[in-house]
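The structure's right below; bear with me while I get my questions together.
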Amino acid sequence: MLIVMDTNAGAEAVARVCREIEAMGLKSHPIPGSIRTAIGITGNKARVDADRILAQAGVKEIIHVTKPFKLVSREFFPDDTVVDVDGVKIGGPEIIVMAGPCAVESREQCMTIAEQVVKSGARLMRGGAYKPRTSPYSFQGLGEDGLKILAEVREQFGLKIVTEAVDTEVLPLVVDYADMVQIGARNMQNFSLLRAAGRQPKPVLLKRGMSATLEEFLMAAEYIMAEGNSSVVLCERGVRTFADHTRNTLDLSAVPFVKRTSHLPIIVDPSHGTGKREKVLPLSRAAIAAGADGLIIEVHYDPANALSDGIQSITPPSFADLMKEVRAIAGVLGRTCA
Amino acid sequence: MLIVMDTNAGAEAVARVCREIEAMGLKSHPIPGSIRTAIGITGNKARVDADRILAQAGVKEIIHVTKPFKLVSREFFPDDTVVDVDGVKIGGPEIIVMAGPCAVESREQCMTIAEQVVKSGARLMRGGAYKPRTSPYSFQGLGEDGLKILAEVREQFGLKIVTEAVDTEVLPLVVDYADMVQIGARNMQNFSLLRAAGRQPKPVLLKRGMSATLEEFLMAAEYIMAEGNSSVVLCERGVRTFADHTRNTLDLSAVPFVKRTSHLPIIVDPSHGTGKREKVLPLSRAAIAAGADGLIIEVHYDPANALSDGIQSITPPSFADLMKEVRAIAGVLGRTCA
Amino acid sequence: MLIVMDTNAGAEAVARVCREIEAMGLKSHPIPGSIRTAIGITGNKARVDADRILAQAGVKEIIHVTKPFKLVSREFFPDDTVVDVDGVKIGGPEIIVMAGPCAVESREQCMTIAEQVVKSGARLMRGGAYKPRTSPYSFQGLGEDGLKILAEVREQFGLKIVTEAVDTEVLPLVVDYADMVQIGARNMQNFSLLRAAGRQPKPVLLKRGMSATLEEFLMAAEYIMAEGNSSVVLCERGVRTFADHTRNTLDLSAVPFVKRTSHLPIIVDPSHGTGKREKVLPLSRAAIAAGADGLIIEVHYDPANALSDGIQSITPPSFADLMKEVRAIAGVLGRTCA
Amino acid sequence: MLIVMDTNAGAEAVARVCREIEAMGLKSHPIPGSIRTAIGITGNKARVDADRILAQAGVKEIIHVTKPFKLVSREFFPDDTVVDVDGVKIGGPEIIVMAGPCAVESREQCMTIAEQVVKSGARLMRGGAYKPRTSPYSFQGLGEDGLKILAEVREQFGLKIVTEAVDTEVLPLVVDYADMVQIGARNMQNFSLLRAAGRQPKPVLLKRGMSATLEEFLMAAEYIMAEGNSSVVLCERGVRTFADHTRNTLDLSAVPFVKRTSHLPIIVDPSHGTGKREKVLPLSRAAIAAGADGLIIEVHYDPANALSDGIQSITPPSFADLMKEVRAIAGVLGRTCA
C-alpha cells in the first residue's frame, strides 16, 4: 500500500503518518519525490484500515498496490531511482561502465588492468576476491588479500570497487572494503544473504539468477529493500536455455521490462551473458541501445592465462574500442558515457 | 569441399572444373567473389579425389570444409552475401526495414498501412495471406485474395512484398505474387518446403525455429542453398524459454554468431521476438546495434482490432519514431537506413 | 459445442440433429458412446442458436466447451478413444509396443529385426523409409523401396507397420503401404500435413514437437480430427531444455495431463526421449507406470553400424528383457502386454 | 585419484597410506568396500606422484579419475552408498518414502498428518520450519518452534525427521533437531551452506537446482563430501522449462543417469516436480519404476487451506493409495517398501 502526501505536506506531517503506521504494527517507508513525498507500507498481512490513515493531516490519497512487489515497483515509486556509489551515479543520464578481471589474481594484475580501463572511461573496477565455483577443487579466490588489492586500486586510480559477497560470513568484510556489494546469480534466491545485504549501508548490484523470471528477480530486490536498503542496481547476465552457441542466452528484453515495472536502474553483463569474447562488443552496443544504465565487462590483458573465465574476457585495447562505440550509442539516446 | 581458383582464372577455366566435378558424380557451386572465384562441391559421401581436381588449370588450392554446413559457411565463401530483392539489397551497408500487418485483412487495411510505412522508410511490405495458426478454428488468412492485395500495394507504393508460403502447395502462388518468400518458424525444419524454396527463383526469408540451435538454423538454410538458391536472408525471431515476461526470448547473440559463421544476411523480428508492443522500439534499436542487417516489424493502425497478433503490433506513428531511432543507431555503425 | 442425446435416441434422431446443424452452416461430429450418442459441433464463429437445437427430438442437453480444443477434449467426449490399427487396439487395456530400426536400411536388416521383436511381443514394426534429417547431406531414407520392405515384414510376421510421412507429397504412398501414419516432431505444426493426415483413412501417430506445449500438441491433433479422422494416437518423445545428459528431456507428466484433458491414447518414445541406449529400459518402465498406453522403441542388432541414431537403439536381447519388465509393470496397473 | 588397496590389506596399511598422502599436502578419503578398501585423494592441483604411493605396502593399483567429480563418482567408489538416517537405510533394497506438509503450521497439523502417513508406511516426516519464499511478505515458517513440533512427531510416531536448513545461521539448530538436513533447490549452489553441511554429522538431502545440469548437481554433492560428510541423498524435483502444464518438468532420466555415474542414492519429489496434486500418484509410480530409491511427498489433510503449496499436496487417503501402488511397483523391481 502506498500513501501519497499533499505537495505541501512538511517533514512533520510525514513523520506523524509514519508513527501512525508503525503504531498499527506495520513498517513505513517514506519516499521523498521531487514534487511530493509518498510513504510505502509493508508488513500488512490483511488489508490495512485505510480510513484511519486518510484521516491524518497531509494525506492526499491511498493507492493499493496490486503487483506482488511493492518497494521495487514503479507503481509505488514513479521516479527513476539513481543509485549513488560514492559519487558515481547509476540510473541517471550517464552510462556507467564497470570493468576488470573475473578474479583478482595478484596486485600486479589488478593494477595493470585498472590503469588501462580507467583511461578508457570505466568508473568502477570489478574483480572477484571470493569466487563461487561449480567445483570445490577450482580456484576459490584470494579472499581478504584480494579485497586489499582492490582497495589499493581505488586509492591509486579513483575507480570505485564492486565485488561479490558469496555468503553472509564474508559480507561484512566485503562491505568494509568495497563501494558496492555484488550478489551473484547463484545467490539471487539466497534470501538470508539478500536480507543481510539489505541491512548494510553499501549499494548492492544484484544479478539475475540463471533461470529466474523477472518477477522473481524483482522480488529478490524487494527482499533487500524491505530491510531498508533502497540502493539496488539490477543486472541482466543471461539465462539458461537450450541454445548452445553462447554460455547463456542474454535476455535484453529484460531491460525495457524492468524500466517499465520498476524504478531501479539496470545494467547488463555481456561477458557472462554470452561467455564468448567476440560477442561482448556487439552485445554491449545492443544493451545500451535497449536502454540499459550501464555495463559490467570482464577485461584481462592475458585472457589465455586468466585463472577463470578467460574465454569471455576482452583485452584492454578491445575495451577501449568498446567504450568508443558505447559512447556513440549513448549519444543517440541522449545519454553520456565517460 | 571448396576449390579456390586463381585470380586470373577465366569463366572457361571455372566451367571446365565444374564439368570435371559433375563427371565425378558431384554437384558444383561456382561462387564468384570480388577477387577470385571459388567452387563449392556438395554431394560427396566419401572423401573426394583431390589430385584429379588440383591437376586442372586455374585451380589454386582445395579447402576441406569441416563444419557440418558448407554452402552457408563463411569458411566456404568469405565475402558477405548481399541478397537482391528486386533492387532492394539486404546485407549491404543499408539497413532494410520490412513492415506491415501480421495478416492481410482487407485492401483498405493494407493500403492505409502501406502508405504510412513507406513514408517512414520501410522498403518491404510484410503481411500474411496464409497464416499458420495453432488452432484450426482461427482465421487462416485470405489466401490468393490476400496475395492480390499485396501485389496492388507494390504497384501503388513501390514496396517490395514479403509473405509466407505455409506449404509446398501454396508456394508457386506465393512465388508468383511476392518478391521474397518467407518460411515461417514452424516450418524451419519442413525439409520438403525448404527444398522447394531452393528450386524457385525468388529470395527467401528463413525464420529461426522456436527451439532451433543456430547450427540447425544454418543447416535449414543449407537445404535451400543446396538446391541452387543462394538468396537466403536469415531472421532471428526469439526462442522458447521459461521466461514469461515476453512471448519469446529474443536471442540477439544470434546476430554476431551468424555474421561470424556464415556469409548470409540476418535480420531481426522484434514483434514476434517479444510479443509486446512496448518492447519493439528498444529491441529494434538493440538489434541494429548488435549488427543486424534489417528488421521486420508488425504495424497496424488499429492493433486492438487486428485479426491476429494485435498485442505486438505498433501504430504507424510509433513506426515513424522507430525508424528515426534506427537510422541514428545505423549511423553509429557506419550504415544507412532509408 | 457438444450435444448430448437421450440414451434412447436412435440413429434416425441423431441423423436429424446432424442435418439441422449442417443446415446452420456448421459441421456435425456424431460420437457414439457406450450409453448414449453425443454430437460435436465445429465451425461456429459466433455462439450457436442453442434453442433451435434443443427443440429437436432426442436432444438431452447442450454443453458449451470452453477449452480451445474441442474434438480432442475429454469434456467433449468423456470415454477413452481406442484406436484400431488393423486389429491392434491402442488405448484399451493392452499395452502396445512398437519396435524396429530408426531407418529401413535393407530387406535383410528389417527381416532380422522383425523376427526378433515379434517374438518378444511387439505388435507394430517401426522404421523410417523417409527420414527428416538436419543436414541435406545425411541419409534421407530408401523411399518407396523402404515402404515395400516394410510391407513384406507385415506379410511375413503379421506386425502392423507404422512409418513417417515427411510431407504431403509422400503421404499417399505411406498411406498405401503402412497401417499407421506417423507425423514427426518437426512436423507437429505443419498444418497442411496435419490436414492431409485428417483426410486419409489410416490411424495417425502424432509426435509432440520439440518445444510444443501440451495445448499446442492437442491443437495439432485437433487439426487432424477436424478433417474427420479421429484415430489419433499421441506420442511424448521428449522436449528441448538446457539439460545436457540426455538428447531431450522426456516429460512423463504429459501422460497424466493428456489422459485427463483428452480421450486420445498416448504412448511414449524413450529412444528419442533420452537419446541414450542405457536409459531406454528404466524410462520404458516409468512410462508405463505413469499410465502410457504403449511404447515405441528403436531396436537394431548392430547399433554401432546403424545408418542413423545407433546410439539410442537397443539390441533385440535387451528388447526382450524390456518387454518382460514392461509386462510386469503393466500387471500392477491392471493392464496386459503381449 | 583413487588408490585401490589389496583385498588383504589391513587397517594399518590403509592408515599408513593415508598418512603418506597427507604428508604430500593432500586429503585422503578411505572408502571401505565389501571386498577391499579404496582411498580417494583430493586437493591435488597438479598430477600426484603416483610412484611414491605405489611403493607403499598393500597398494594394488592407482586409478586416475577423469570426471570432474571425484568423491561422488561411481568410478571412484563402485559400490552403492547406503545412507543411514538413524536406522532408516536409503539406497538399499527398501524404497523409503518421506511425507508430510510443505510447512509446519501447528502442532495439531503435524500430529494429525504424522499419524496418518506413518500408518501408510512413510519412514520420514518432512515439513519446513524455515521456508524459502519468493516474496519477503509470504509466510516464512515457524522457525525453532516448528523444529520442536517435528521433534515431538519423532518422539510420538517414530518417524525420522527431514527439514530444510535455509542458511548457515539456522543449520546448527536444524542439525540439533532433525535426523536429516535438507538443502533446497535454490541453495544447490550456495557453496558456503554446502560446505557447512559437509562439516556436520547428519545425513543431507540435496535437491537439484531449478536449472542445474546433472554435472553441477553432482558437483554440489562433491562440495559436501569433500568436507567429510559422505551421507548424501540426491533428490530430483523437476527443472524449469517452457512447458506450462506443470510447475516444473520432472526429469526422471536423472535417476538412471545418477545411478550410473554416482554411487549416491537418489529419490524423487513428484510434488514439487509437477506442482499438481493429480500428477503426484502417476509420477510416483514412474519414479520408482525408473529406479529411484525413494520419494518425498507433500501430504496435507486440508490442502485448500495449507499456508503454502496446497495445490500440490495430496490428502492422507490418497497417500495411502499411493503407497499401495508404489509397493507393487517396487515388487516388480525386486525391492520392498514399508
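A, B, C and D are the chain letters, set down in written order, and residue numbers restart from 1 in every chain.
In this text, a contact is a pair of C-beta atoms (placed from the backbone, for glycine too) under 8 Å apart; a residue touches a chain by one contact, two chains touch by 3 or more.
In this text, all values refer to a predicted model and were calculated from it rather than measured experimentally.
Common neighbours of chain A and chain C under the contact rule above are B, D. Taking the CA centroid of chain B as reference, the farthest chain centroid is that of D. When the contact pairs of A-D are matched by residue number against B-D, B-C or A-C, over half are shared only with B-C. A separation of 35 Å divides the Cα centre of chain B from that of chain C. The mean-CA centres of chain A and chain B are about 38 angstrom from one another, to the nearest whole unit.
Listed for chain C are residues 211, 215, 240-242, each touching two or more other chains.
Against chain A, the residues of chain B that register as touching in their complex are 211, 213-215, 239, 241-246, 249-257, 260, 273-274, 276, 278-279, 282-283, 285-291, 325, 328-329, 331-333.
Touching chain A in their complex are the following residues of chain D: 42-43, 68-70, 132-137, 166-169, 186-187, 189-193, 195, 210-211, 215-216, 219, 222-223, 226, 240.
Taken in their complex, chain D has these residues touching chain B: 211, 240-242.
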